Amino acid sequence: MKLITAIIKPFRLEQVREALMQGGVQGMTVSEVRGFGRQRGQTEQYRGAEYDLNLVPKLKIEVVVEDADMQRIAEAIALAAQTGNPGDGKLFVTSIGQAVRIRTGELDETAL
Amino acid sequence: MKLITAIIKPFRLEQVREALMQGGVQGMTVSEVRGFGRQRGQTEQYRGAEYDLNLVPKLKIEVVVEDADMQRIAEAIALAAQTGNPGDGKLFVTSIGQAVRIRTGELDETAL
Amino acid sequence: MKLITAIIKPFRLEQVREALMQGGVQGMTVSEVRGFGRQRGQTEQYRGAEYDLNLVPKLKIEVVVEDADMQRIAEAIALAAQTGNPGDGKLFVTSIGQAVRIRTGELDETAL
Amino acid sequence: MKPLFDGLRRAGVAGAVLLPAAAFAQDAAQQAAPVADKGDTAWMMVSTLLVLMMILPGLQLFYGGLVRTKNMLSVLTQIGAATCLAMLIWVVCGYSLAFGPDAPAPFTPFIAGLDRMFLAGITPASTAATFTKGVVIPEYVFICFQMTFAAITLSIVLGGIVERVKFSALMVFALVWMPIVYLPIAHMVWASSGLFFTMGALDFAGGTVVHINAGVAALVAAIVAGKRLGYMKDSMAPHSLTLTLVGTGLLWVGWFGFNAGSALEANGSAALAMINTFVATAAAGLAWLAAERLFGHKPSALGLASGIVSGLVAVTPAAGHAGPLGAILLGAVTALACYVAVAIIRPKLKYDDSLDAFGIHGVGGIVGAIGTAIVYAPALGGQGAADYDMAAQLGVQIAAVCATIAWSTVGTLIALFIARAVTGLRVTTEAEREGLDLAEHGERAYNL
Amino acid sequence: MKPLFDGLRRAGVAGAVLLPAAAFAQDAAQQAAPVADKGDTAWMMVSTLLVLMMILPGLQLFYGGLVRTKNMLSVLTQIGAATCLAMLIWVVCGYSLAFGPDAPAPFTPFIAGLDRMFLAGITPASTAATFTKGVVIPEYVFICFQMTFAAITLSIVLGGIVERVKFSALMVFALVWMPIVYLPIAHMVWASSGLFFTMGALDFAGGTVVHINAGVAALVAAIVAGKRLGYMKDSMAPHSLTLTLVGTGLLWVGWFGFNAGSALEANGSAALAMINTFVATAAAGLAWLAAERLFGHKPSALGLASGIVSGLVAVTPAAGHAGPLGAILLGAVTALACYVAVAIIRPKLKYDDSLDAFGIHGVGGIVGAIGTAIVYAPALGGQGAADYDMAAQLGVQIAAVCATIAWSTVGTLIALFIARAVTGLRVTTEAEREGLDLAEHGERAYNL
Amino acid sequence: MKPLFDGLRRAGVAGAVLLPAAAFAQDAAQQAAPVADKGDTAWMMVSTLLVLMMILPGLQLFYGGLVRTKNMLSVLTQIGAATCLAMLIWVVCGYSLAFGPDAPAPFTPFIAGLDRMFLAGITPASTAATFTKGVVIPEYVFICFQMTFAAITLSIVLGGIVERVKFSALMVFALVWMPIVYLPIAHMVWASSGLFFTMGALDFAGGTVVHINAGVAALVAAIVAGKRLGYMKDSMAPHSLTLTLVGTGLLWVGWFGFNAGSALEANGSAALAMINTFVATAAAGLAWLAAERLFGHKPSALGLASGIVSGLVAVTPAAGHAGPLGAILLGAVTALACYVAVAIIRPKLKYDDSLDAFGIHGVGGIVGAIGTAIVYAPALGGQGAADYDMAAQLGVQIAAVCATIAWSTVGTLIALFIARAVTGLRVTTEAEREGLDLAEHGERAYNL
């Protein structure tokens, strides 16, 4: 199995979720993160103090999929998240040794 | 070493933490995430607008353990988090190449 | 490629970010987590109720780097985050199979 | 709140002339030149600041809690700045155009003259008449009280177009809208030479001037400005209903200044307006919850808040005219009407009246204004005379409502087109997506 | 707040009869039928809305900040809806049963009659007597003022049983509890034919009626409803002490309406109640911080807030009876008593009075009621006559306290059992775990 | 707010003596012993609680929103406890030292005597004189009103040194600072035998006593306490501008108690102070936004809030002296001055006046105090007599400002050094990094 981790722009969540469902993926986990990269945030100004908001709000999507689905799903995510502007984010793939569905104890592919 | 990542129901945190301590694990890292899966969230209604809360609040637990402890600890976590209802969550295992305790620079097993 | 995950004390973020930039890393992703470990949190007291705050606020830094840079960057991070007191945090390294820059579809090293 | 304006002007002048005499003229009643009763003055000063509290922080929180985090500061800043601007407009020309000496015919029914620009000739000793012959309040207090009404009306309008319009556009809009919409309608309703006033329309505390007017303007603005990006697709759940409920509480508290203050005296009429403002609102709050149950939903916090505000809107024109039972009825019925407008009709139509300024202030104001003619009947415990002619009054109320809607629609369109021509009206897609807080104001509401 | 009720009723009638004469009767003092002084009217209207502000948003925030995020809206909605319901009950039958014309014997000491149901016969010209012979206020104002007391008492009770009871259960509870508990106790304390009133119990602003009563009811309800899931195991840390502190500030500000308003006039007695409400509270706030230090803890924000509220509770019965030094003493002592009750005793017992409604309102109310007999003594600067018999008064106070506790306990039990029979009282385990906001109201407080 | 103190004392005694006569002496004007008008009493009680609301929760939120999450509760607790402490000091000796019978020469111009310690001899029937001959208010009300001024001044000072000073240090500081700085300055400005009063300095509502004094003290304290860790390096963005804006609204609302209340009567002078407090503030709010645009920034929510507060500060000394146009001018100019001080000068200097207590209250107070001499001119619509000598008055104002700055600086230094000697003043580096909420108070503001 593979864990696909995607850092995306927050307003693309709905599209990514739809792409996953169409791709047959049943679940995912989302967390709020802040990203630093080529895309620069706005400058904030509070009375005299200026802060470069160099950490931009992003969402991190984590999906575990079977090895065979990985390429297809990764592409679907990337496509759904793409706007073409800096800050669209990254997608990383890691190998997963074992997966468990906590409710039932089912293992690996059947756990997804 | 292995990284065990568990997505659990928030109110099970205390049980999981106790299970870990009894299993001899000294540390863990917790983050707030939202999960999408078989368990569906409540519907929210604001004046006319209905929103399916299809992202349910979950906690992500990350624990790094020695290879030998992995199976035992993973089972302990799964057991502590299980309620038997949909949405209990998943548990994934990944391999860790290197671990460092930042305070001392200790490496790998001694870093945990 | 390698994913370096570091759990650090929140007020060290700025130093770590500077260390990364000096090390030539262009991006990173930050999330707010709570850590449980040797460092114990303060006790909170609300009227009669005492809570041990055994989950201490931390930041999780995730950086993907080329294999060749891994050691150098990991050291830089650890150095920047170190205060010498309990709770400085951990640093873990995992292997990444594939990386994509969502904006362009660039792959692997060129995606970073 | 219909000062007898001939009386007012006379009293004002008299007060000015008799100033040196004022010191020993403590006991007003028997004097030729009336002196303000200190109880009335105290009450009207309190009422004035209560209406300010309805805006800052009341309406700011009520509205602000309903938008997304990324637009919170824009709501706070827009309402705050609009309030400041309305106040300055008021002292420069607003008070004069609404309540000043008559303009020459044929303008008399629509607007007053410019003689009181910059509050010319008014001193601490000037007085304004109330509804009771011989009873006056300091004119500065009357000016301040009325000033807060102008400010809150403008602020309510913003609820239709939050989260997408430029700050600069709103400032231009305000500069045009106040003179061509608010001031004439205020004059028509409250000045003794005003069109609706001479028609005999009942509007105790400004249901027409404030709520129908603002609600209609918000609807027109929402349609012209267009929908928010992602409207009806993305989740636009309120970022903090807690703040909305706090705003609701402050609105209710402040509304006693609005309604009971509109008696212009601390007397039995104000007391009647007060009890009505309690019970109509309580009934409306519960009625909205009941409506939610009826339509198969859970009784919600936002429902309670919406019901409370719709009840407050409903009772505004009727506050000193209805009896408590009539007020309860009016509150409950209006809440149901607003519920249907907001939860059933609006989602079916295509416009994005983002915070339901029309659905609550507009619809509630219309039902309240027409209902006032009903609950005014002595049979329902109202203050109407024994020979009260309900049908005739209903006709007058409906005419005033229609005229207000028409005037507000046309004037708002003009103001919007001018604002669009000068500033472009809407922010860029990127700015809207990022949120107006950062894009327009360079700040974020929370750094938790 | 003990209107001389014979006077009240007579005045009410007189006002109605003399209405046409009212216009020229501006100068009240020399008239046969007293006319309300506008300064008094202004002050009492302000006091009334201050008590509303204590509830919405004051108590809502004080309580709401103390619960977990997932139950925030349920607290806001419960308090808001209970307030609306109490107001409607008040005008339907509450005012009549508490303050109406006497019921026939043997009920006279316990409850009044139903003649004023739906506020029958009351007009804007009706007046209610105050403590000063010949001084009246508009009866509608008196009704509104008293109405807010009913609403806040019911709302305080909810603090004992938040985070686990069904919304519908609370509505049923309110419908039963108001007539069988609140109205009789209000009658007994404040009506001239009431049991405690004839006994001569001192209760300036409602320590018995409001605080002891609500505190005891909350305790009984907490025990009957049972503990929250995870009580004493999971962290139930307040989700926003910031909001609790905001609520504290608004409670303090609003409490001047409660206490100084209970003088029913804008006079020296109100001024005395005001200074006492300042200094007792300040002393209590600091005393709680000192107690925390004494018991080895850090001086905390919630401690300051708790101390402030306990001081306000303490000074309520004594507000117009004590002198400033007595008030300081009473405030400090009460804060210590409440600290011990809340931080030391309650954790040892098994009940889950979730927001310490009993620990602060109940305990603080009891200490305050008994202490009033002490600080009333002229030796301590109190308003008691030179021949004041403290021992006798102590007896009366203790008797009134005990009777209130007994009545409230029994009545609350009845109301709870009816609510349980009709609705089941508690939400399901799942709903409790998920939070009442989503489960009962279908909303979340924050979408940040 | 310059009660004629000989009158005050005489009236107080008279009131006490004539108490039995008070009942039939309703109509005060013609009586030998003046009785308080109830309208005045109502207004002054309202004004008093408005000033309390400015502090709790107004200033708490305005300041609290500007700090980082981890220090939120420390701000709320510090302001709350300082307020309680100031109140107790006030009744123990403060009122006596500021407004009591004259101290013997040569102290007379600087401080009063201790005869009224513990408010000795004051009863509900005691009265305090106002500016109008023969018009009085209950002395307890005057004491309470003045008490809130003392509390808010102390609280404003804390804005200079948040996020780093020990709670215990602040308590010690308060105990010393009140008697040696606040009380003498209040006496000098407001007592008829006070230094600045006899000089003829104009200060309607306390620009010198409250704002210049607090602003200067905050600056001195900020310098002595030193910068926060990470100042100018780490992000110290406000944790909730929402709360800051809520605080701003409450400050504005409450400030009418401060300014219009300082008329001590509900009359035309209060009305003038009210309208000025509206328009000066509105102008200042917009002027700050304009300044931001001018200097190339976006018009911001915090800018609006800062402008509003600077306008309120500016108009404080001028409230009853200027005309509306003068007030607009004064507000706008002061906002610009404060903008420059806060956004341009402060970042260049090395001190960390964390919440710009000096930049806004100090600078705004100074500009306002000097500007008062200008807008007092009848040519600008001010209340000055036709033969008003502006140059002379300017001299007096500048002298009073300089003397206040000097006195405040020296006294604050003394208080700080004593606090440092007793407590160490600053928290440890670790505590500062972790946040004062956990380190000093053992709580967290939010558990979301």
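Order as written gives the chain letters A, B, C, D, E and F; numbering starts at 1 within each chain.
Here, contacts are C-beta pairs under 8 Å (C-beta built on N, C-alpha and C of every residue); 3 or more make two chains touch, one makes a residue touch a chain.
All values derive from a computational prediction rather than experimental measurement.
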| item | value |
| --- | --- |
| B-D or A-D - the one linked by more C-beta pairs in contact | B-D |
| Copy pair chain E, chain F: interface residue numbering same or different (half cut) | different |
| CA centroid of chain A to CA centroid of chain F, Å | 53 |
| Intercentroid distance (Cα basis), chain E paired with chain D, Å | 33 |
| Computed distance of Cα centres, chain F from chain C, in Å | 47 |
| Cα-centroid distance, chain B relative to chain C, in whole angstrom | 18 |
| Chain E residues counted as touching two or more neighbouring chains | 27, 37-40, 42-43, 46, 235, 237-238, 297-298, 300, 302, 442-444, 446, 448 |
| Per-residue overlap in chain B, given as positions that touch at least 2 other chains | 31, 44-46, 94-95 |
| Contact pairs between chains, per stated definition | A-B, A-C, A-D, A-F, B-C, B-D, B-E, C-E, C-F, D-E, D-F, E-F |
| Chain F to chain C touching residues, read off their complex | 230, 233-234, 433-434, 438-439, 442-444 |
| Complex contact set, residues of chain D against chain F | 23, 26-27, 36-43, 45-46, 48-49, 52-53, 55-58, 60-61, 64, 72-74, 76-77, 80-81, 83-85, 87-88, 91, 118-119, 123-126, 138-141, 143-144, 147, 167, 243, 437, 440-448 |
| Of chain C, residues touching chain A in the complex | 1, 3, 17, 26-31, 64, 94-103, 105, 111-112 |
| List of chain C residues in touch with chain E within their complex | 44-49, 51 |
| In the complex with chain B, residue positions of chain C that touch it | 2, 6-8, 31-38, 54-55, 58, 60, 74, 78, 81-95 |
